[in-house]
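Per-chain numbering from 1; labels A, B, C, D and E assigned in written order.
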Amino acid sequence: MTPALEIRNVTRRFAGLIAVNDVSFLLQPREILGVIGPNGAGKTTLISLISGTLAPTSGDVLFEGRSLAGMPAYRRARLGIGRTFQIMRPFPGLSVLDNVAVGALFGHGGGHAKLAKAREQARAQLDFVGLGKFVDQRADELGGPGRKRLELAKALAMQPKVLLCDEVMAGLNLVEIDEVIAVIRKVRDTGISVLVIEHVIKAIKSLSDRLLVLHHGEKIADGEPAGVLANQTVIEAYLGKRRI
Amino acid sequence: MKTLRIALVVAALVVLAAVPWFGSDVLIQFGINALLLAVLAQGWNIIGGYTGYASFGNSVFYGLGSYGVGIAMAQWHLPFGVGLAFGVALAVTFAVLLGIPVLRLRGHYFAIATLALAQVMIAIVSNVTLAGQNIGLVLPPLNNDPLFYELSLGLLVLATLTVFWLTRSRFGFGLIAVRENEEGAEVMGVNTTLYKTMAFALSGVFCSLAGGIHAYWVTFIDPESAFDISLNVKMIIMAVFGGPGTILGPVVGALSLSAISEFLSSEITSLASLFFGIVVVAAVVLMPRGLADMLRRFRKTGWRYFAENIRTHRL
Amino acid sequence: MSAKPAVKEPLLDVRAISAGYGGMPVLHDVTLTVYPAEIVALVGSNGAGKTTLLRTLSRVLSATGGIVMNSHDLMPMTSDQVFAAGLVQVPEGRQLFDRMSVQDNLLMGAFRRTDKAAVARDLDRMYALFPRLSERRRQLAGSMSGGEQQMCAMARGLMAAPILLMIDEMSLGLAPVIVEQLMGVLTTIRDEGVTVLLVEQDVNLALSTADRGYVMETGSIVHSGPAKQLIDDPEVQRAYLGL
Amino acid sequence: KDIVLGASVQLTGPVANTGRYYRDAYQLAVDKINEAGGVKVGHETYTLALKLYDNQSDVNLSVRQYTQLVSRDKVNFLLGPFASNFALADSAVSEKYQIPMVQGGGASDQIFSRKFKYIFGTLAPASHYFGSTVEMMKGLDPAPKSVALLYADDAFDVSVAEGTRPKLKEAGLTLAMDERYSTNATDFNSLLSQIKSKNVDAVLVAGHETEILNFVRQAKSLAVAPKMYSFTVGVPSEDFRKALGKDADYAFGMTAWLPSADLKDQWFGDAAQFASAFKAKFNYDPDYHAASGAADVEALVKAVEDAGTIDPAKVRDALSKVDFDSLYGRIAFNENGQIDLPQTVIQIQDGKLVAIQGVHGKIAAPKYPMPAWDAR
Amino acid sequence: MDLLVQVLINGTLLGGLYAMMALGLALVWGVLNIVNLAHGAFIMLGAYVSLYLFTYLHIDPFLGLPITAAVMFAIGYCVQRGLLNLIVRAPMFNTLLITFGLEVVLTYLAQLAFSADFRTINPSYAGDSIVLGPVVLPLARLLAFGVAIALTVGMWVFLLHTTLGRAIRATAQNLVAARLYGVEPRHLYAVTFGIGIALAGTAGGLYGTVSQINPYIGAALTAKSFAISIIGGLDNPLGVIVGGLFLGILESLTALYIGPTYADVASFGVLVLVLIVRPTGLLGKAA
């Protein structure tokens, strides 16, 4: 079976700093892959390299066996790569509904969609992530966590094959985190592969099929969650004593 | 409500179209000027209002349109229509060739790069013999102001219908997404480069047509007046005055500002520019979201609208 | 209601505050007291109005009611005056000066401080606390990773030498080690006499560090009391800890 | 009864400083003629009235204002704006409505080459501007050999340069530099450095007043002193001497008009009296713009009196035949509607304007060659 | 060879003046995010202030610069405090509009007050020059150059290394956060705009000593200032020196080798190229 994503020896530098250093891994179809690591380890950079908003200094990303080298972000989106932004990027002047409708119009599922139909899909998506009450609000009137959910809804509306989530649970309380976990599981059950970055260990532990740890841009562990979380290096670099 | 608005627009259109039958020559001339400015404001609205790129290079399109007509008619003795087509071709070529690199710039940098383009065009054209260098071109005169008037009005209607279509179409939705957050739009599948370039070109088509009509009407063009930066400033001001990113805002803004300016320069002739400046300053302070927003909300809030505006926008 | 001895004067006294956005009310008669040198946790679900309350206290938002700190009436003040009175906020969404270096961001925290030597000392302390920031003094704040930015925001708040520090979503985006370390810092500064009002989604974490807590629900305070007591409150457990 | 003359001139905007000459000259001439009893048309006497608009130095606006003057204000005749590009656009209005326009603000050949019937101009043709200067240069001692010709890239100055080149060749002078510069240029350092390094004897500049002021000041600061320099505009105006002070000395210029008592005039007596009346009323000295503007009014009045009617078409025919002496000189239009006036070479000597060479030859001795700047 | 050296010197000195003209614009734009279309008009006003100090009070135009700057600072402070502060939070374009209106009003009032005549500030030494072998250094330009460089460097030190300068930058980037950290923005905005206008006024005083002024010189100066700020980049006040020198030298060389009418093609063409290759200017930090 071709993996949904294959990351091959990817490196990215920022003026003297190596943010991602020779990282390789696979994301299998219908897999939920958790990515953790200390702050500044290169997790977000990794997502940007996959979604095409940053270009790798070296290395390659393959989507369903096909190299994405040089492909602009919008084409990757249409192929089926959806992402959220850790530092949220809503369309501030548009309504919450229209924010999501953009995804339905232009994403993997879009292409020839009509505006009215896209809005309909968007509404459904918003209900799904629990923002149903806010459809008519302007996006910049949402509080922080509301925007996180909006990010998720926008990405989902694109009907992606691979979903890249960058800290969509940050700022939610435990009850709400459980809701989002349920949402992501349901998404996976529709056949989507998911990559989740999260610092909420409890969530990542229960959600991930597999866990990958980055440190100083390098992959330091990759495997089944309980094992990885028990790894001494991971504990020292990342978890600390408290290990929730 | 909605039918009422449509009826109002249609009625206004009928009155406007009938002006040559009852208006004086001065009114018709004023009309041609004001309508062409409205076309420019509406053209700018596509790239500036909907796509969020503050173009200062639209006067380049206007100038290319003028020179398209000028060169075709004065140098090659071709008919007006061919000149217009030539001008549009020049404008679209320019939009595509220069749009792609320049539209990579954001915000102020884009504004200034396009401003510089207008300067470069003046400088280049003043050295091109075919375009009459800095001396300019004199076109064969056609004394038919009603025709020019109806042409301008038709162009304005076309431009406005295009903008109306934008607001209902996938393309327009993509442009708005680019305006609101370009990187966000890109990762959601909007081909931002293509969309921006198309918006720039579309905006250029209308501006160049306006320039072409104007050139034939005044029968004389030179680089300074064809690529006049202050014309670009004017279109922005008119669009912003009316309400950028709305369908009728730029039109209303252009027509009303033209009317104010014309009234001032014929009634209090030597104080005109002073008053015009004061009107602009006062308008920005009192209604920073444009006429369209004021008309929409004034009914509800009344005079409080202005005080409210100052309160929400001041430091 | 208060767990502190009644002899102690409150540092911050918030009485019947109501506020909202453009006509839509969010806070309804919120009353809350903070005593000197304690950590108070404010918890509640999304959209409860915690951020709104902090904004109101910093006078970013207009409101009705009464806010008194250290016997200064904060109601007629602007946010810069509130800051001058010693009430400092680490805002939601970090609000860094994106196109300025990390160091400049930290120094902006000390904008009103005149004792240069003390500022330099505090700067060193911050760099010791956050070695990552020390490595990146010259990097533009906006180009840092989410967690690094959060560290920068915390450090900036601490640089202001606050009397009362309000932190909105402190743990947001931070690796567990760092969160743990920061909780230690809060206890330290509390012991140095700085008062902390902490808004936190991780209820467990917040209440296990804090002295007292308030629980907010749709714009009103619904529970309050010593932190330990709140953790054990079955209703709180059900609503926030998913137990 | 009134005869209304309409005009739109630059009272504000970048060229307002020249526009005012026309406003004031029109007003003065109209007042003077009314004082003298007005205009006799057949058996009736008419008073002149003036309707002026400010075009804010905007060509489009000026076109609309001229249209307004003829169609709404129903003025009888038109006077011109300042500058060739305005005259070029505005003459289309007079042609369209068949109302005669007499203008003294545009000299570009394009205005008259369109075969319009209703436009008349009282400025000398651009191509003749440097004629008398070259004539004078032939008699200078030591004779200048190399010449630099610098000109702005607008219609008028390009025409001047085109007319000058053959004249220089004919006089046996070598053209060491022939440079077109952008209108409104402010920096002449590169050109001046070239003049210095090529050791050019004489510099001829066709441009605008502000460019010429910059040119002289920068010449001084770079210590560039050719044997002579001459300018198409600026030198005759009072502004020029005021702005440059002592540095204005030795500059050659030209004017088609000087306030001389030899120029007799039916209303003002002579040009000198015109100049003093002008100065008394407006508190600055008139130059050829003003004289030309006053002559425009007189030409119209003459034509109306000759035609014996205020019918525009008849007055137009009368205009094409007028031939009279005015404070500005002899006014007789050729078939294009232009008059031909020779330029008098002038020079600033000790802060005063001195006429050097006119139609009839030498008037005064030129100060030549110009000394170095630090040797003055 | 001498000619080339001379032209390079001319260009460098011109560039210093250019830098001075652009400095205030770059400050107000880069820091306050106000695109000041009235910048040239303020340069013009500053020139008149200098002119009046010189002709009526006989104050040397260079020694009078501090007075000019003070007067212009006061004007700028009041304009920001009384007018521009009213729209700081309105959409960005409004600053464009309001300063456009302001430019119209200022120009009109200037014509009313000063007439449209060209004036010069002409101290006795204005045309003097220092001769160094084959090359000539015009004195007034040299002085102007010195003032420009000194002020630009001063501005750079001020913005990057003082508390007030840091606060000014911070406020521009994030108004809410700056307030939360104790900045009183109304005053600070006004001070910043005042400084910008004082710099514009100083540029005007210098401009008047080397060129002509009339009420209408503003628009062209605004356009030039834009080009310079962008070539240099807005992030760093030293950028305007780079931009100014670059433009000055380029224009002089173009006039020499290609022809004076191509100076604008060259300068604005290079501007576009710079933007395409380095969108944040020569000295700007990459985003």
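One rule holds for everything that comes next: contacts are C-beta pairs under 8 Å (C-beta built on N, C-alpha and C of every residue); 3 or more make two chains touch, one makes a residue touch a chain.
Chain by chain, the UniProt names read as follows: A = Amino acid/amide ABC transporter ATP-binding protein 1, HAAT family; B = Amino acid/amide ABC transporter membrane protein 2, HAAT family; C = Amino acid/amide ABC transporter ATP-binding protein 2, HAAT family; E = Amino acid/amide ABC transporter membrane protein 1, HAAT family.
Keep in mind that this is a model prediction, so the values were computed, not measured.
Undergrad: Going only through chains that touch each other, what is the minimum step count from chain A to chain E?
TA: Contact-graph shortest path, chain A to chain E, evaluates to 2.
Undergrad: Show me the overlap between the contact partners of chain A and those of chain D.
TA: B
Undergrad: Which chain's centre, taken as the mean of its Cα atoms, is farthest from the centre of chain B?
TA: Chain centre farthest from chain B's centre: C.
Undergrad: Does D-E or B-D have more contacting C-beta pairs?
TA: Between D-E and B-D, the larger count of C-beta pairs in contact belongs to D-E.
Undergrad: Quick one: report the Å distance separating chain B from chain E, using the average Cα coordinate of each chain.
TA: Each chain reduced to its C-alpha mean, chain B and chain E end up 30 Å apart.
Undergrad: Where the CA atoms of chain A average out and where those of chain C average out, how many Å apart are those spots?
TA: Each chain reduced to its C-alpha mean, chain A and chain C end up 29 Å apart.
Undergrad: Per the centroid of Cα atoms for each chain, what is the distance between chain C and chain E, given in Å?
TA: Inter-chain centre distance comes to 43 Å.
Undergrad: Could you list which residues of chain A touch at least two other chains?
TA: Not one residue in chain A touches at least two other chains.
Undergrad: Indicate the residues of chain E shared as contacts by at least two other chains.
TA: Expected reply: 108, 185, 261, 263-264.
Undergrad: Enumerate the residues of chain C that touch no fewer than two other chains.
TA: There are none in chain C.
Undergrad: Report the complete set of touching chain pairs.
TA: Touching chain pairs, listed by label, come out as A-B, A-C, B-D, B-E, C-E, D-E.
Undergrad: Which residues of chain C touch chain A in their complex?
TA: Spelled out, the residues of chain C in touch with chain A are 21, 43, 45-47, 51, 92-93, 132, 143-151, 169, 171-181, 201-204, 239-242.
Undergrad: Which residues, counting only chain C, touch chain E once they are in their complex?
TA: Where chain C meets chain E, its residues are 58, 60, 78-80, 83-84, 88-89, 91, 95-100, 104, 107-109, 111-112, 140, 156, 160.
Undergrad: Can you name the residues of chain D that touch chain E in the complex?
TA: 12-17, 19-20, 153, 179-182, 184-187, 189-191, 193-194, 196-197, 209-210, 213-214, 217-218, 220-223, 239, 243-245, 247, 373
Undergrad: Over in the complex, which chain E residues touch chain B? Could you list them?
TA: Touch list, chain E to chain B: 29, 35, 37, 83, 85-91, 93-94, 96-98, 100-105, 107-109, 175, 185-186, 189, 219, 223, 226-227, 230, 234, 261-265, 268-269, 271-272, 275-276, 279-280.
Undergrad: Which chain B residues qualify as touching chain E in the complex?
TA: 54, 101-102, 104-106, 108-109, 111-113, 115-117, 119-120, 122-124, 126-127, 134, 229-230, 233, 236-237, 240-241, 244, 273-274, 276-281, 283-285, 288-289, 310, 312-315
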